[in-house]
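Below, chain A partners chain B and then partners chain C, in two separate complexes.
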Partner chain A sequence: MGVKQNTIELKDNSAYRRLKDKLFLWAVIVVSLITISPIVLIIGKLAWKGFRQINFSFFTEVTPSTYDAMIAVSNNEVIPGGIVNGITGTLLIVGVASLMAIPIGILIGLFLFENGQKPYANLIRNLSDILQGVPSIVLGLIAYLWVVKGITHGYSAFAGSVALTIMMLPLIIRATEETMKMIPGSLKEAGMALGVPYYKVILRVLIPSGFSGLMTGILLSISRILGETAPLLLTALGNPMINWDATAPTSAVPLLIWDFYNDPNMVDLIWSSSLFLMGFVLTLNIISKRIIAKR
Partner chain B sequence: MKSDTITKYVLFISSVVILLVSGGMVFSLIGDAVPVFEKFGWRFITSTEWNPTEGRESYGALPFIAGTITTSVLALLICLPMAFATSLFIAEYFRKSSFASVIGSMVDLLAGVPSIVYGLWGFYTLRPFIVELGLDPQGYGIFTSGLILAIMIIPYATSLSSEIISMVPNELKEAAYSLGATRLEVIKYVVIPNARSGIIASFILAFGRALGETMAVTMLIGNANIIPTGLFSTGNSMASVIANQFGEADGLKMSALIAIGLLLFVITGIINAVGKLVIKKMS
Partner chain C sequence: MNKNIDIIDSPVLKIDKLHIAYNKTDKYAVKDVNVTVKKNAITAIMGPSGCGKSTLLRAINRMHELYPAIQTEGGIYLNEENIMKMSPIHLRRKIGMVFQRPNPFPTMSIYDNVIAGYKLNGIRIKKSEKDKIVEEALRSVALWDEVKDSLHKKGTFLSGGQQQRLCIARAIAFKPDVILLDEPTSALDPIATSKVEDLLVKLKKDYTIVMVTHNMAQAARISEYSMFMYLGDLVEYGKTKMMFTNPRDKRTEEYLTGKFG
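What follows is the complex of A and B.
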């Protein structure tokens, strides 16, 4: 952190300097407000246009056929049906991904915490960082090659879960390691000194005392993958019916939004579905922020 | 004692998952991209012809590489002043005030918006706006996708930059103030020189994000397989060609799409590694 030496001129131009200072402050304020304006506009637009479509059947019925939607649109009625096949699909895909990513991610995070700066641990840490930067569409390709072609021999919810698992892993690994670093070493040592086996120290000391940190990491990683569309397009494909079979093609809320967007008869449904998805993602975000604030 | 060894082994074995996933990823992508590189060689990267018609198949990825790079560079240019101003707002001017935390959480919310929602908003709000301004009769293309990409990567650049800016030691700033420097001069001569490499790294990482974005770009770039000729020209990006053409792909075309995925993987990998290296050098 070398500070360059700069010569400051000795002329008295303080009025000019103060003016420049003021102008820059206002520029920063104006540009910052412009920068955050999209979030207000986006949420406003979704709420404004999506509110009308959200009703009870939106959460209980499957997507309408394009023909039913066309008739409703031409009679100027609300499009019938809902997105329950997308909601259950998202629950299935994200649920399976979480079941795989959370335990493995926490174990790897613990491993990195235990092994500090050893070369092998550094290698794993760097690889995990690289994985975090891989575009989601590439993870979709990988899950297609490994699962769709290799395991389920067809599009499947499980393939989608694998792609999302690879997205979640680096986030959970990082959150676990950072949380473990914050726990006072004396806690762990006290457990070890009592002769408690190491796995019990992990389960009874490390994880409970770092619970809020782990929870934040997990919720943030779930909120990150909830809205993912591209990898699911290549793996889970979509399904007009409710499906709980992980080896069969399955829909998901973001996939439905993509379908609605491409179907002129159903295009009105994009707003309510997006509003629902955003609400879901933002709620998770806010809960995890609350946990951080409580700590 | 035995259970401790088992625990150690379990932790070690789980770490192997990362090795397998990263190694397997490179192996699978290269393995499935081989046919197209065998057939076209370097022409796959330098040719502009993308023709899946059977018998006359020809695959060149140059238009998509050009589309990805132009949209991402444009996004970076738009993002630069905005993210920089916002991080100064959060970490310097209104540091630790409720203003800063409101702006900060709104920036975080921007990071939480799914790509497809950005695409919808871009399509139904931004695009008509650009048409209305008379910038372009269609509203699709490099400019619109660059703009939406910029909004998408601003949170990444802002959160890291503002963290780095808030780490600049107070003593240094106070020393400059005591010499009669104005706030702008403190920012220019103390804050920026101290935080420079961190700020640069944050923009490099944000650029890496922009390269791989799929859905929003797919919905706004126009999906024309040509090298963009101007700011408002249509085009196509590497990620969106994969998303768009994957459904009906098999054989050589599938291999071509996977090769594009491999290129994307390599490019984003290099960009991210450079960003991480700059951060490491700093600390």
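What follows is the complex of A and C.
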């Protein structure tokens, strides 16, 4: 009798539990759909609207003139030309910014790691956190005052690089310090016990051991700045031609998107350029995820 | 202390009135230690957990300097030379160290781990000479046969016991005068332990070995001299045989007979 009752109760229970499981499952599905739908919608929209423009000349030719674009649009043709001046400009500006931000950021990160909780280390750590919160347009203004007015006496890729460097620094500093903290102290001791000078232990033992962590931080900081537009408007300005001179005005992919937005004849190019930029950032993100997974 | 020590002629190491505290405000972790260490012999440091064995050992190659809060007083002499006056880099090349937990460099191959002392210090030697040093060092830790076909694999792929022998190889490849070992076999199984013990006995022909061990049987098996420490004091130091058969201090006797520790 007691046994029977028990089984009945169990059955009831499991029905209730199954219902709960089902409800939960549906909740998970709905919530995940809400989360992924924006990204799917964005990529879908970009791909749908942009793929028509992505052809060989997109990567090899500079931006077309408004007149050429207008003719093409009125004939319902693909707009001629491409965005190679933006791509090379982005490479130049981001490249120079990385050349400055990576070594400086790693050095400051190592310094913070070494000096732990000392007051001045805490001060620098806090300043770096504050820096991360400064709006990028403000950094653009600063770079305009310092570099455009003070150094290159005119709009320049270098001024844009300075603004982006300041944006990258906090991310690289943080990544370096966190990575170094993860490396067991026994490795440092092993190196020191072999009579290796400390700076060599850092360069040849600690940094290689934390390479994937550093690399991830660097890639994420680059993907963070690739799409920055506001600071570049105030510094690099833009350039209809390919330019490799860091002291001259230079274009960049996000700057081109802004230009296209302001020119009714070039609207189609917005989508293809955005698709390209998005793909670039996604690729960097995927690479850094891969590096993390390999750790 | 120093009760049953017989005079050690021309010692390799002399430790004189050594005091160490981890902090200005802490009590001493090592108090007034005076010993001389015999050349080409194994000296064991024993004592219950927390008595200061590692602290004493790490003072000998100035590892404590990595942590600025640590206070050291007294003198340590390597072949009559004050180690505090030597450059720490030069000193650590003469006094190698093997840590309690194996710590091969994870980014380096087995080969590069063994040769790390040369490589990291930027000492250029010929490839043929490197090969010779690596083979010799790996042979002397009885690891050569196990790894000779995978020298260019990462050292971290080895088992714990093999990693520890790799770390000993790394220490001896650099041909120091003294090797310090902090419980080198505590992470190893009995077979690997006995391999390391055999190795140490072989090595003492060329090196002076100072070893911390929790394992009394191990100290009895391979060491000539033993120190017994208790709460930071060096309670007793002398020939291992004497200490085990006829300890002078009551605390040593109690520890050796397993009354505490």
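The criterion applied here is as follows: the second predicted complex is superposed on the first by the 261 of 295 C-alpha atoms of A that agree within 3 Å, B and C clash if a C-alpha of one lies under 4 Å from a C-alpha of the other, contacts with A are read in each partner's own complex, and residues count from 1 in each chain.
Quick note on the criterion: a residue touches a chain if its C-beta (ideal position, glycine included) is under 8 Å from a C-beta of that chain, and two chains touch if they have at least 3 such contacts.
As the structure is a computational prediction, the values presented were derived from the model and not from experiment.
Participant: Using the touch definition from the top, say if A:K45 reaches chain B (first), chain C (second), both or neither.
Facilitator: The first partner, chain B, only.
Participant: Name the contact category of A:P135: first (chain B only), second (chain C only), both, or neither.
Facilitator: In the superposition, A:P135 touches chain B alone.
Participant: For A:P119 in the superposed arrangement: first (chain B), second (chain C), both or neither?
Facilitator: In the superposition, A:P119 contacts neither chain B nor chain C.
Participant: Check the contacts made with chain A and report whether chain B or chain C touches more of its residues.
Facilitator: Counted on chain A, the partner with more touching residues turns out to be B.
Participant: Quick check on the superposed pair: does A:V205 touch chain B, chain C, both, or neither? Answer first, second, both or neither.
Facilitator: Second partner only, chain C.
Participant: Would you check which partner chain A:P197 touches, where first means chain B only, second means chain C only, and both and neither mean what they say?
Facilitator: Both chain B and chain C are touched by A:P197.
Participant: Identify the residues of chain A that lie in both the chain B contact region and the chain C contact region.
Facilitator: On chain A, the residues that contact chain B in one structure and chain C in the other are 197.
Participant: List the residues on chain A that touch chain C in their complex, please.
Facilitator: Going through chain A, the ones touching chain C are 184, 186-197, 200-201, 204-205, 208-209, 211.
Participant: Please give the residue numbers of chain C that touch chain A in the complex, ascending.
Facilitator: 61, 63, 66, 88-93, 96-97, 99, 101, 103-107, 116-117, 119-122, 167, 170-171, 174
Participant: Help me check something: in the complex, which residues belonging to chain A touch chain B?
Facilitator: Contacts found on chain A: 1-4, 6, 8, 17-18, 20-21, 24-25, 27-29, 31-32, 34-36, 38-42, 45-46, 104, 107-108, 110-112, 114, 120-121, 124, 126-131, 133-138, 140-142, 144-146, 166, 169, 173, 197-199, 202, 223, 226-230, 233-234, 254, 257-258, 261, 270-271, 274, 277-278, 281-282, 285, 289.
Participant: Which chain B residues qualify as touching chain A in the complex?
Facilitator: The touching residues are 3-4, 6-8, 10-12, 14-15, 17-19, 21-22, 24-25, 28-29, 32, 81-83, 85-86, 88-89, 93, 103, 105-110, 112-121, 123-125, 151, 154, 158, 172, 179, 181-185, 187, 189-190, 193-194, 205, 208-209, 211-215, 219, 239, 242-243, 246, 257-258, 261, 264-265, 268-269, 271-273, 276, 282.
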